[in-house]
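What follows is chain A paired twice: with chain B in the first complex and chain C in the second.
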Partner chain A sequence: MIMEKVIDARGLSCPQPVLMTLNKIKSLKKGELIIKVDTETSKENVSRAAESQGWKVADLISEGSEYTITIKKD
Partner chain B sequence: MHDPNVIVGFEGSEDAAVYKLSDDLGIIQTVDFFTPIVDDPYMFGQIAVANALSDVYAMGGKPITAMNLVCFPVKTLGLAMLREILRGGIDKLSESGTALVGGHSVEDNEPKYGLSVTGVIHPGKVITNRGAKIGDVLILTKPLGTGIVNTAIKAGLASDEAIKQVSMVMSTLNRNASVAMQKIGVHACTDITGFGLLGHLKEMLGSHEFTIAIRSDVVPMFPDVVEYAGMGLVPGGTKRNRDFCQDLVAASSDVGPLMLDILCDPQTSGGLLIAVSREKGDGLLQELQENGVPSASIIGEITTETKRRIAIE
Partner chain C sequence: MNSMKNVFASRWGIISVGAIIGILAPLLQKLGNPGNMGICVACFERDIAGALGFHRAEVVQYIRPEIIGFVIGSLIAAYSFKEFRPRLGSAPIVRFVLGVFAMIGALVFLGCPWRAMLRLAGGDGNAIFGLLGLIGGIWIGTLFLKGGYNLGRTQWTYASAGWLFSLFMVGLLALLVMFPPIKGEARNGVLFYSTKGPGSMYPPLWISLGVGTLLGFLAQRSRFCTMGAFRDLILFRQIHLLSGVVALIVFAFLTNLIFKQFHPGFSGQPVAHTIHIWNFLGMALAGLAFALAGGCPGRQLFMAGEGDGDAALFVMGMIVGAGFAHNFGLASSPKGVGPYGIPAVIIGFIVCLFIGFTMRRTYGEGV
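And then the complex of A and B:
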């Protein structure tokens, strides 16, 4: 079974996207995770949350007010 | 309509209005209400009152009467919780010597509580956010970071100690700080609210030709606040505040993004930001610390104008 590794946190306000990211990071431990958010605050917060847990922001795509953040940990 | 008796109205980004009734008496009017920021309803009631009275204290006035504004889902949350909120409010009002004289309540899906407050002041002694002078020092009377800690509380990640401290500080009246600054004599004052410290510095700049220099290493803040900001527990208002001030701010290279977020953190029931002459600065600080305002600190000064008018080091 392939684990779902995309979090869609669009439409949610902080701290919800951060909590979802932190919880998923905890269960994955390492690998790759994609988070979709739709505010700049959430984008910054999710990136910081990931980095605080030793993950790196590998890619960031912005389309209008939507952001797709790819984070990684080896 | 322009009424000459309106001494302070909308124009100066003040949160309260002052109306002159006679040469030696003016009334202050202000209103504030919000959704719960802590789980404990009794504490929420106290914080709402401290927050609503703050505008009066920042101007150097004395609150005399208040009216409750209540929105509450009685069917889902029950009357017992509402009673606790109102009991917190009444207790804090009586601590401040303000009479509760009425109020209004409506059914609403989400609870909200606050008050409309009336105060009195001598029309010639109104302290506003405009009036700081070159050479003044700036004093902040409460630690920063209520917005970030409250976001951590919402996320269930705040420590018991942080919750305790932030609740205690938010429910502390700005009365003692106000009495101290009136005794010593100051040039300008405002209370820190949703605009954050930097937002209020921008208001304090107004059209004056000076720069405000802030030393970020001595700004009082809650103990866990840097850690929470680093975990991404920053409220949405912070970015709005940062954008609002960005053009004015020159931050030295060792002031990182976490520190800037804390300086822009929207505050609930924040402290007073006071501009006082350098000669009186230490005296005011001592007066504050001896009268129940232990966090009061000199955080910066007003200097001659530089290109970017809020300098942070």
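And then the complex of A and C:
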């Protein structure tokens, strides 16, 4: 896992996690990206935004109050 | 993987919630709330400020149980679905100040975004200028968001800290039950009441509280937010939240038609004035403050119920803002804008721009 491809949006409220995700998606164009958030709302919003850009939620790990979302685009 | 899908967060979920609000708000009006004010978060918080004596505008004093219900309903939903997240510490004083000016802007227009939509659905043409102002204010907010504006990360806190605001609401309910309104009396115990005007118009307590709690529950599940609706449209071209807002307007319009509460026109509308420029600018100030604070007044209540202490402080700012608005003559009335309403809106814009321009930070990636 390359560190650059991890976004830590924990503690940030929307729209920040979505903005960070979309900015990274724009620069990456494809591949894999991991986003860490800590509210259900952010998890939903980030997943929805990624899917709207043609990315897929490949994995979602929930640990306590934290979510690690892995999104992918081939 | 995702084990339990939140149905309310789906497209149909948010549309259903908007529709339910659109039906229940005019029903609350039918059952006693003021004209085109079945639900108004700003007005109702202002009425609470009046009931507590933070301002002494005699026609707007009542502990509105809908507000209490919003917070408690959200708390119940958050606990039911394991989403209670006690958190605070993301620039609290800034959120308080934004709450103050959000309320001042809303009271220059005479309503929060919910009421702007309900006014439109009731035929009040002045609401069009308020809604345009709201969108304009949110648009300015999105420019700041694109430029890196944000208020920083929240911190973990004790569950009990996440409960404090809900407990404050329970306290208000206790006061209302202990010192209920007495017909024709302007006071009972520590609470002030209105003997005439909007503050004297309300449904039975348990109806207001019940509807408020139901809507609080549904809004927490769906993340319904009138500011987010326009923000996400402008920022991301997303119409998810917007579809809920459209459903609210459509269903409120239909419900008003059924209840014969639809009266199209500009003049003589209930609790409204016809000075378009200040309807626009008042709501633009409010919209900017909501965008900078990350939620409309309703959403702030729901987040406060989920344990967000910063959202709770925004609400406290709004209650204090209502005190300023009426004590200083900033709030409008059906006669027009208050004597000091215009300078207050200008000061509000200066403060919001100061916050927007000076609070920027780009977060690096990595863990």
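We adopt the following convention: the second predicted complex is superposed on the first by the 71 of 74 C-alpha atoms of A that agree within 3 Å, B and C clash if a C-alpha of one lies under 4 Å from a C-alpha of the other, contacts with A are read in each partner's own complex, and residues count from 1 in each chain.
One rule holds for everything that comes next: a residue touches a chain if its C-beta (ideal position, glycine included) is under 8 Å from a C-beta of that chain, and two chains touch if they have at least 3 such contacts.
Bear in mind the structure is a predicted one, so any value in this text is a computation, not a measurement.
Undergrad: On chain A, which partner touches more residues: chain B or chain C?
TA: Of chain B and chain C, the partner in contact with more residues of chain A is C.
Undergrad: Look at A:66 in the shared chain and tell me whether it touches chain B only, chain C only, both, or neither; answer first, second, both or neither.
TA: In the superposed model, A:66 contacts neither chain B nor chain C.
Undergrad: Given the touch rule stated above, what does A:46 touch, chain B (first), chain C (second), both, or neither?
TA: The answer is first: A:46 touches chain B but not chain C.
Undergrad: After lining up the shared chain so the two structures overlap, which partner does A:13 touch, if you call chain B first and chain C second: first, second, both or neither?
TA: both
Undergrad: Once the two structures are fitted together, what part of chain A is touched by chain B and by chain C alike?
TA: Touching chain B and chain C on chain A: residues 13-15, 18-19, 22, 39-41, 44, 48-49, 52.
Undergrad: Under the definition above, what is the set of chain B residues touching chain A in their complex?
TA: Residue list for chain B touching chain A: 151-152, 154-157, 229-236, 238-239.
Undergrad: Spell out the residues on chain A that touch chain B in their complex, using ranges where they run on.
TA: Touch list, chain A to chain B: 13-15, 18-19, 21-22, 39-41, 44-49, 52.
Undergrad: Mind pulling up the chain A residues that touch chain C in the complex?
TA: Checking each residue of chain A against chain C gives 3-16, 18-20, 22, 24, 36, 38-41, 44, 48-49, 52, 57, 59-60, 65.
Undergrad: For a test of understanding, state which residues of chain C touch chain A in their complex under the given definition.
TA: Those in contact with chain A are residues 1-2, 6, 9, 81, 83, 85, 87, 90, 145-146, 150, 152-155, 223, 228, 231-232, 235-236, 238, 240, 294, 363, 365-367.
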